[in-house]
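Pasting the structures here.
Next, two complexes with chain A in common: one pairs it with chain B, the other with chain C.
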Partner chain A sequence: MLMYTLKRLLQGVVTVWFIATATFFAMHAVPGNPLTNEKAVSPKIWAELQKRYGLDKPLLEQYGLYIKNMASGDFGVSYTQQNRQVNDIITEHFKVSATLGILAVVFAAFGGILWGALTAMYRNRAPDIVIVFLVILGISVPGFVFAAFGQLSLVKVNDWLGFTLFPVAGWGTVQHMIVPSMVLGLGTMAFLTRLMRSSMLEIVNSDFVRTARSKGLPMTRIFRKHELRNAILPVITVLGPSIAAITTGGFVVELVFAIPGLGRYFVQAVQQLDYTVIMGTTVFYGAFLVFMVIAVDLLYGMVDPRVRLE
Partner chain B sequence: MTTNALSFEPVRVEREVETISRPSLSYWQDAWLRLKANTRAIVSLYLVIGLLLFTVFGPWLWQVDSSAQDLDQISAPPGAERAVTVVDEYRPWQGATATPVAGAGGELQAPASLSVAGDATTRAVRLQWSAAPDAGGYRIYRSIFDTAPDGALGLPLGDVLDPTTVSFEDRLDLQPLTYHYSVVTLDDRGREATGYTSVPVEVTRVITAAQAHAKGLIDSADVVRPGDVLKLQMHPLGTDYLGRDMLARLMHGARVSLFIGIVAPFAFVLVGIFYGSVAGFMGGRVDQLLMRFADFVVALPFLLFMILFRILFNVQPGDNSILPMMVAMVVLSWPAVARLVRGQILQIREEGYIGASRLLGAKTNYLVLRHMIPNTMGVILVTLTFAVPSAIFTEAFLSFIGMGVAPPTPSWGSMCNEGLKTMLTTPHELIFPAAFISITVLAFNLLGDGLRDALDARMRATE
Partner chain C sequence: MSEAAAENLGQGTTWNASALLQLLYLGGFGVLGLGFILWALAQWNEGGAGDAADYATGTVTLAMSQEPPQLDSTRSTDQVSIAVLGHVMEGLLRYDQDDQLVGGVAERWEIGETSATFWLRSDARWSNGDPVTAHDFVFAWRKALEPANVSEYAFILYGIRNAEAVNRGEQPLEALGARAVGDRQLEVEFARPLPYFDKLTAFCTFNPVHEAFYESTAGAYGADADKLLYNGPFVIDQWIHGASLRLKKNPNYWDADRIRLNVIDYAYITSDPLATINLFKDGKVALTSLNAENLTDAMQQRWKIHRFADGSVFYLGLNHRPGRPTSNYHLRKALQAVHDPGELVYKVLKLPGNVPTNSLFPVWLKGVRGSFRQEYPAPKHHPDDARGRELLARALAELGLAELPPLVMLIGDTPTSKKQAEYYQNLFKRKLGIDIKIDAQIFKQRLAKMTSGDYDIVAAGWGPDYDDAMTFADLFTSWNENNRGRYANPVLDAAVDVARSSNDPQTRMDAIAKVQKIIYEDVVVLTQFERGSVYVAHPRLRGVVRRSVGTDPDYTNAWIAPVGG
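Up next is the complex of A and B:
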């Protein structure tokens, strides 16, 4: 177990290093450098600028510095925002994104497990048909449409109530968080519901459930102890990739609901071609996702004793 | 048991003990039968075919220029009133004047009355009001909402800074709606008084005979008189915020969206098949190395490479980046397919028929092309069907954040992005492209489910 954990962590570090290297060389393979966007400057100032950002050094030395700084957790200075550290940007805005993402994952996981179990219990009856229809809708509608309609319905609800139950945009209080995280989690919830349904249907017809039933155990106990626990396993497996899906989907929700998260910042940096911010956030996101997937895999080994981690 | 001569009669050979009552089915025939039994999948198949026909033949049947602007019908919902009244040529208006009234001091009052002079048309709305005591001027506002509930007056149209003038002619981008005009009195320093006078004005759509000729609404031989009612050009699904025909844009947008959605998955599935079959067939060290590389590629961030390819292809801000988008999708999406194909090849490699074929002297190329890849075709087809919706989503997402298709080229994603801004007033601009994306993705998802059930016994869902 310990060996496995160490091995996976080492692999994770190598992957992050690969991402960092690939982004670095890809960035520098592009002709020109970020400063060419600036207006005409005298050669002296140009040289000073190059020096300030370390662009006058040979490529390999730049790479060495970049990796060294990154290993000590320093992502450099933003190109478009004077004297602003990329680290500051990440620490300031990632809190928001993480809160939103965690709420969305929790919402998606609980919703998916609940609805999936419900559909399996009411197989081919009204609740099943309605939920399966909603699930298909959830998988087929793009996230930004959900975001737009979510916001639109908020306007209507607030208008109808006569006071602001949930604010339409912005960030800060618990009320701000609820609707965006629900919108963000919706697609994943639909996917998890589908997964939970098929896994639950398999479990319901298995031998150990029949045995439990013939022993005369109460239905609620069978549901909780036998069915739910076993059916949940595949859902946990896809939770890692789901977190990835939710963090990338977060860009749109952050844009639509005007949430000051890292995703919105990243899109902004992309539009302004702010290289250090793009590279810093990319490597940070990459590392976050890689270690999230590792954490979920380790968790899976703990939850399911049949899985041997080696 | 007695033995006699009969016992030594040869047993009559029974011919045709087992006959095959029906011709045997090939793998694909069997899959087709299974698919046909699945109503949802067949309906989706028809939907996909319908969408392709819509994309390919639609622009031939509905020959409206997708970038032509119909300025008489901007943001018109489907089925909007298309009647337009013919009027005379425009004649300038002198306006109305009044002698300034000296007030008794105290607070400035809003004009006592506000009315429309002449007909309110999309060409001009002429307002006139009674002079307010002590007024130094007036400011005119226009709103598409009623001003009464919250006193929001809307768009400031202009100031009249001469107290003798008590009229205003509005010619700013008038639509056939009901507008709420308000007039606020200004003091001699141009500061607003608190009160306002408001009037609702219903604007009718008008056109001059010359304009009607120019737009081709009538033949040059036809004679129209002022007061005649003509019909404007038809837009079955309405127009967008620049007056462009939604149906034509949806058709042209489908060409972009479906092109990306279908070609990009094809390309990366091909790359994946090649990579995966090489890895699977070579095995050992090479396999290990190749698959480790694939693992790394999975971790690469899509958006970053999208930006890089945009720069590499020298795409300026505001240009289309269809090619970089597709290259980025191909470069980053193949590992999933490669892994799948490799797994299949590893299984098939151990099958008896491969050994038999090898014994008969088959070469590696032949083995891979003739036996291995055809046997993974089912899985590949299913992957391809599921890759299409995700590619369409990616296109829509990129166009939505402004990194995909740039105006004026339509795509479903960019149309959603534009429609989002006017979601509250003209929802049809968002609903139609969003519905097309949803229906396409739904159809491909259900078709993928059906294909998976039909083609691959191991992946069959427990439904």
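Up next is the complex of A and C:
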């Protein structure tokens, strides 16, 4: 178990290093430079600027320097927000993204498990058909459409009520969090519903459930102890990566609802070619995703005794 | 297991379980619903606090497209930072609500042929109570020119004696021709005649900086609300990075009686125009810009739509580097002959406020006595397809080509620029048989390609830095780095030199009119339109000033009318 953990962690570090390297060189291959600005400057000042930011050094030297600083946890200073450390940007804004992400996952997990179980119970009857239709909608409609639609509906609802039920955008109070997290969790909820449905159908017809039934156990007990519990397992497996995916994928929702999360910085940085922020956020998100998957694998070994981690 | 078997087993045995589930659902929804109602009631009782333009508290709530990237005035370059600085700082002079230049920190000033003197008012104070002195200006200007500070706007100070040499590191900072005579008198010597120096001093690079405070921040000047010292009508009260920025009236401001708003609250930071318009609909922000995408929505809402010229002029830049087809005069003339700015503005872009133009010089520029464009009208232009084809034939003969290779048109990545590019692709193909290859790039990459000359035609624009025709006139001189097409014409250079080295308005404007003529006749660029901006505002928010040059939007003179007022 310990060996396995160490091996996985080492693999994780190598993956993150690979992400960092690939991003670094891809980013520098793009024409332009974070210092390119609307107002052109004289070659002399341009050279001075390049020197100040160390962009005049050979690329490999810049890379070496970057990896060295990164290893010591220093991501440098943003090019566009010239007074801010990338580390500060990450710590300040990741909190917001994480809050939004966790709320969205909670919403998605509860919704997914309940709807999934319900559709399995009512298989091929009206509730099943309606929910499955909604699920397909939820999976196929992209998040930004839900975000824009959700916001517009809020405007209408608030207008109709005559007072602000939920704020249209912004961040700070619990009210601000509810609608964006629901919008963000919708896609995952649809996905989990489908997963739960198929897993539930499989369990309901498995041998041990049949045995339990033939033993004459009460139906409620079979449902809780045998069916639901086992059907949830695959859902838990995908929850870990889901948390990471939702947390890192929330930038559209963050943009639409004016939420000061990290995703927005990530997207803006790419547009602005803000080297340090691109690297910082990519490496951070990459590490987050990789270690989330490892954590889930380890947890899975503890939850399910059949899985042996070697 | 087969589907049918699953069906049978599933249906017969789970009745109890499904009943349980239903109960679960009902319970869950019950709890949720109850909580929701309670909470909605709590909301209701809080009342309608926080109108976007709140009369009782004098608060106006707004959204910002991004948080200000650089509030160190010696280094600011972007519009958001400059707009915030316009509210929290004050230079020697400022623009009032009628766009007239009036005294800011300076109460009196004299602009001579070779020098200028400013007398500072005694009651101008920093937000910590210290007086604003002439030394604060000298310090700030030197800082902006200090080579190690690498300010991108340092060039705007170049009219001051030795400024350029100081900026290049060839002279010490002390050599700069700006000197404090005591605390309240500032002497400036010019490197060349600068009849518009008074207008320059309203620009943010000329703002004062408190030296002791600057040094105390150890390089973080402008990074946070408490890392700035203010001398303007407002101070930054609270700045939550990425989330909000709140300005509060500055009680130490010398003219505080003039300021009627108490709080300017940029409560939302989002670059999504749809989000800001939804915020406006919901009554959460008091002003929002409109674009082509949400204009129809705004009209359907029957909002009053305001418009103003934001000062910039847009054009198709042409690459004049040798070897490029567009360096051929007759090819440029051919493109110009079929170009119709009116059609682009009214039939393609369809955004109210944009005005088609045949001149690089916008209508709001001042001339000798009145408007420049009234004194020196724009060149007359009539699209003429037959002449275009004739000119193209001549160009092909000169280039020794049977057919022109496709021209690369470099554009931005917005929907509007794509629409525009497709229009030109169609126009040039239909009228001249020229193929256009569209190269859409994000901001920085487009700029990089413009600088390296990797294009034939580029959709570009130019916004003014100061309120004088020179801000447009010197754009295509051979020495200007912003002349990305590398156009070089000694006649144009000479005309700009005449305008630069004279104090006589008539001589200057005559020379600039020559530049206007050359730009059209030699087809340096194909001018398209002067950009108009459209926006909607809270009906009770009054006195907001929109400008072509300077702080925009300017809320310093704004006020909120009482309900029904």
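Here is the rule we go by: the second predicted complex is superposed on the first by the 276 of 310 C-alpha atoms of A that agree within 3 Å, B and C clash if a C-alpha of one lies under 4 Å from a C-alpha of the other, contacts with A are read in each partner's own complex, and residues count from 1 in each chain.
To be clear about the criterion, a contact is a pair of C-beta atoms (placed from the backbone, for glycine too) under 8 Å apart; a residue touches a chain by one contact, two chains touch by 3 or more.
These numbers were taken from a predicted model, which means no experiment stands behind them.
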*When the two structures are overlaid on chain A, which partner does A:G286 contact: first (chain B), second (chain C), both, or neither?*
first
_Which of chain B and chain C A:V179 touches, first, second, both or neither_ = neither
*asked:* Output check: A:A148 vs chain B and chain C. Expected answer is one of first, second, both, neither. What do you get?
replied: both
*Please work out whether A:R213 is in contact with chain B alone, chain C alone, both, or neither, and reply first, second, both or neither.*
second
_Partner chain in contact with A:V135 - chain B first, chain C second, else both or neither_ = neither
*Please work out whether A:V204 is in contact with chain B alone, chain C alone, both, or neither, and reply first, second, both or neither.*
second
*Looking at the overlay, what does A:R52 touch: chain B (first), chain C (second), both, or neither?*
second
*Identify the partner contact of A:F18: answer first if only chain B is touched, second if only chain C is, both if each is, neither if none is.*
first
*Superposed model, chain A: greater residue contact from chain B or chain C*: C
*Does chain B (first) or chain C (second) touch A:L255, or do both, or does neither?*
both
_Touching both chain B and chain C, residues of chain A_ = 30, 148, 152, 155, 201-202, 255-256, 271, 273
*Contact set on chain C toward chain A in their complex*: 1, 5-7, 9-11, 13-18, 20-21, 24-25, 28, 39-40, 43-44, 48, 63, 66-67, 69-70, 72, 75, 77, 147-148, 150, 152-155, 167-168, 220-224, 227, 240-243, 267-272, 274-275, 278-279, 281-282, 284, 442-445, 447-449, 451-452, 454, 480-482, 484
*Could you please specify the touching residues of chain A with respect to chain B in the complex?*
15-16, 18-19, 22-23, 26-27, 29-30, 136-137, 139-145, 148, 152, 155, 198, 201-202, 248, 251-252, 255-256, 266-267, 270-271, 273, 278-279, 282, 285-286, 289-290
*Mind listing the chain A positions that touch chain C in their complex?*
30-34, 36-42, 44-45, 48-49, 52, 80-84, 88-89, 92-93, 114, 117-118, 120-124, 148, 151-152, 154-155, 158-159, 163-165, 167-172, 175, 201-202, 204-205, 210, 213, 218-220, 222-223, 227, 255-258, 260, 264-265, 268, 271-273
*Give every residue of chain B touching chain A within the complex, in rising order.*
295-296, 299-305, 307-308, 311-312, 317, 389, 393, 396-397, 400-403, 413, 416-417, 420, 423-424, 430, 434, 437-439, 441-442, 445-446, 461-463
